[in-house]
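Input: one structure, supplied below.
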Amino acid sequence: MLHLVNKSPFERGAFESCLNMARKGSAILLIEDGVYAALKNTPFEDKVSAAVKDIRICVLGPDLAARGVDQVIEGVEVVDYGGFVDLTVDHTPVQSWL
Amino acid sequence: MSEEIQTEYETEGVEKKFMFLNRKAPYGTIYALEMLETVLISAAFDQDVTLVFMDDGVYQLKKGCDTKAVNMKNFSATYKALGDYDISRLFVEKESMDARGLTIDDLVEVIFEDEDDDWAEKPAVHVKSRDEIARLMEEQDVIISA
Amino acid sequence: MKYGILINEGPFTHQASDTAYHFTKAAIEKGHRVMRVFFYHDGVYNANALSEPQSDDRNIVKLWGDLAKEHKIDLVVCVAAGLRRGIKDQVLAEGFRISGLGQLTEIGMAADRLITFGD
Amino acid sequence: MKYGILINEGPFTHQASDTAYHFTKAAIEKGHRVMRVFFYHDGVYNANALSEPQSDDRNIVKLWGDLAKEHKIDLVVCVAAGLRRGIKDQVLAEGFRISGLGQLTEIGMAADRLITFGD
Amino acid sequence: MLHLVNKSPFERGAFESCLNMARKGSAILLIEDGVYAALKNTPFEDKVSAAVKDIRICVLGPDLAARGVDQVIEGVEVVDYGGFVDLTVDHTPVQSWL
Amino acid sequence: MSEEIQTEYETEGVEKKFMFLNRKAPYGTIYALEMLETVLISAAFDQDVTLVFMDDGVYQLKKGCDTKAVNMKNFSATYKALGDYDISRLFVEKESMDARGLTIDDLVEVIFEDEDDDWAEKPAVHVKSRDEIARLMEEQDVIISA
């Protein structure tokens, strides 16, 4: 399945809830304010680095650019809107962690 | 316009697994109430419906809500009515309950009649582990969250 | 692949509607079909014809209307959510129609994927 | 004591407008004066005359209009926030007026307290 | 000064940010979904119990009732809308942790 | 109605301390942009204005924002213009910066001309400790947050 996270991991619990729930073989796409979870040098970096071994973690490039950030944790893939669509083709169901 | 754009779809015989995932507290925002409206409608479509309550969503089922002083519509009773709509699975995440010091006795009772068991009355609210819910989630066709 | 889209938030205030729009465009460009966009909760505000953004900003209501016209997408505003928020026929933008919540369940049944955008 | 109230969210979706209403009523009951309620961000939706809640629910738009009439409260909808969200004179409920953001600063200056309700 | 918190401490960081910022002699009022921070048997109980020694912490009764909860941590005062008004009279400025 | 309800208030000579407290990330929601509109207006009223950025609000000042692909209005440049409106205090909480791995070099530059120092050009963005901001907050007359 595909998990969508659009909340900052600093402000809300959505990303943590998602990480707790996501199982091996599933994928997570970070969008909107969720992209901050993909960045280096935050308290979430270790968790994300550990998670990418079992889970495909992607981040939406246009949302990174809008926020002026680009230091993405190793193993996290940057995708565009087309890549977002492809992820929803490859995975089902899709759960938005609102 | 309506002649050109398709506004009806053939769904005869389709039965999908729908999960309604509730993660927000009631009353502070409208999501719990409006999600419930979605659930009630979907019951009419004979789909395979599961409700999940996790994170602050477990507070939606807290019994004893009294909204007189805030002058908001009290929709707690609607959860109780879900059993009458043949909704038999309200799963509450154990980890979220524990973190909030809640037990199943704190929650509203929802009773449904089990047609596979001579219409015996059974409780619809069940506590499930995070792991069970994670597995169930992957089996769904549609997850609606708010 | 056949898609249903659910939008839970109003325009401008949350990015949800923007992201859903870009997703919908990208899906169509890749040859998929977006059968219906369902506007629920504050999402109904995306259909407000009176919306008049600043000249240097995007016009979300119009963007949806134009995209729907071009690609024959069914834009459905939830009647119940719209009533309490005052989004009714009098202010309904071109390209949108008002209907019941059953249209959300229906598209969940008919589409291959239902993707939710919200807060 | 003289109060200014700032409401940042729309009706029903967030409790902000309800809480602000009960606060305003309580302040008046205690003999204070509420000089102005300023509706900003999604708060402008509180002034939508088309809002038609279910019969067993509260009518937030009307509650504000009635309270303002009874106690002479100035209900101001931000013109800029209202334009992008389509809250304009055509749909403005009774008891509200549309004006600029300066009215928020002004009430911050004139009142003893400015209390914000939002999300 | 008076701090208003209307967010669940489980979902958002607002309450924690407020506690970090609130100084001795100030007051905190928990309203709307913020009232969950006033309850016993949560991970926040110890922090709140410690804070009430220096800070007056109140919780809005109507919001507790609406949510069907009443097990308030010792030292936390329950107030009604009139009490909310009184708090804003006694304290200035008022900051809403949205 | 407008004859009965007072719609103008005497504010001649009033100078209050206004703090605009930004705790939310930009672009995901509109609060940052609309707060900035409030700040710009208030500058015209000659009040004692301080902007504070803490929690995710510090991301509002991140430089290098490019909103072309999301098709949203880029308002980063507006922060830079604040100096021209005589706003000389943009305080960024150190603890929030540290948690996000940000330094002042990552932020947009805002320059104002100091009228008390022969109009010398000075930076308006300063990193302040949580404690300094907490103290400053208590000195305010009005705090506007969103």
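Read from first to last, the chains carry the letters A, B, C, D, E and F; within each, the first residue is number 1.
What we mean here is this: contacts are C-beta pairs under 8 Å (C-beta built on N, C-alpha and C of every residue); 3 or more make two chains touch, one makes a residue touch a chain.
Keep in mind that this is a model prediction, so the values were computed, not measured.
Chemist: List every chain that touches both chain E and chain F.
Modeler: The common neighbours are A, D.
Chemist: Relative to chain D, which chain's C-alpha centre is the most remote?
Modeler: Centroid comparison gives A as the farthest chain from chain D.
Chemist: Taking each chain's centre as the mean of its C-alpha atoms, which one ends up farthest from the centre of chain C?
Modeler: E
Chemist: Please tell me the distance, in whole Å, between the geometric centres of chain A and chain B computed from their C-alpha atoms.
Modeler: The answer is 27 Å.
Chemist: Quick one: chain A and chain C, Cα centre-to-centre, how many Å?
Modeler: Taking the mean C-alpha position of each chain, the two centres sit 24 Å apart.
Chemist: What is the distance in Å between the mean C-alpha positions of chain A and chain E?
Modeler: Whole-Å distance between the two chain centres: 33.
Chemist: Can you list the residues of chain E that touch 2 or more other chains?
Modeler: Only 6, 10-11, 13, 32-33, 62-63, 80, 92-94, 96, 98 qualify.
Chemist: Multi-chain contacts in chain C: which residues touch at least two other chains?
Modeler: Counting only residues that touch two or more other chains, chain C contributes 8, 12-13, 15, 19, 22, 41, 54, 57, 114, 116, 118-119.
Chemist: Out of chain F, which residues touch more than one other chain, so two or more?
Modeler: Correct list: 24, 27-30, 55, 70, 72, 141-143, 145-146.
Chemist: Taking the top-of-page definition of touch, could you list the pairs of chains it picks out?
Modeler: All touching pairs, sorted by chain label, are A-B, A-C, A-E, A-F, B-C, B-D, B-E, C-D, C-F, D-E, D-F, E-F.
Chemist: With touch defined as at the start, can you tell me which chain D residues reach chain F in the complex?
Modeler: Those in contact with chain F are residues 6, 8, 35, 40-41, 68-69, 72-74, 76, 80-81, 95, 97, 99-102, 104-110, 114, 116, 118.
Chemist: Tell me, which parts of chain E touch chain B in their complex?
Modeler: Where chain E meets chain B, its residues are 6-8, 10-11, 32-33, 36, 39-43, 61-63, 65-69, 71, 80.
Chemist: What does chain A use to touch chain C in their complex?
Modeler: 4, 6, 31-33, 62-63, 80-82, 84-86, 88-89, 92-94, 96, 98
Chemist: Could you list, by residue number, the parts of chain B that touch chain C in their complex?
Modeler: 1-2, 4-7, 9-11, 14, 16, 18, 30-31, 34, 37-38, 41-42, 44-45, 47, 141-146
Chemist: Residue numbers of chain F touching chain A in their complex, please.
Modeler: Touching chain A: residues 24-29, 55-56, 59, 62-70, 72, 74, 76, 99-101 of chain F.
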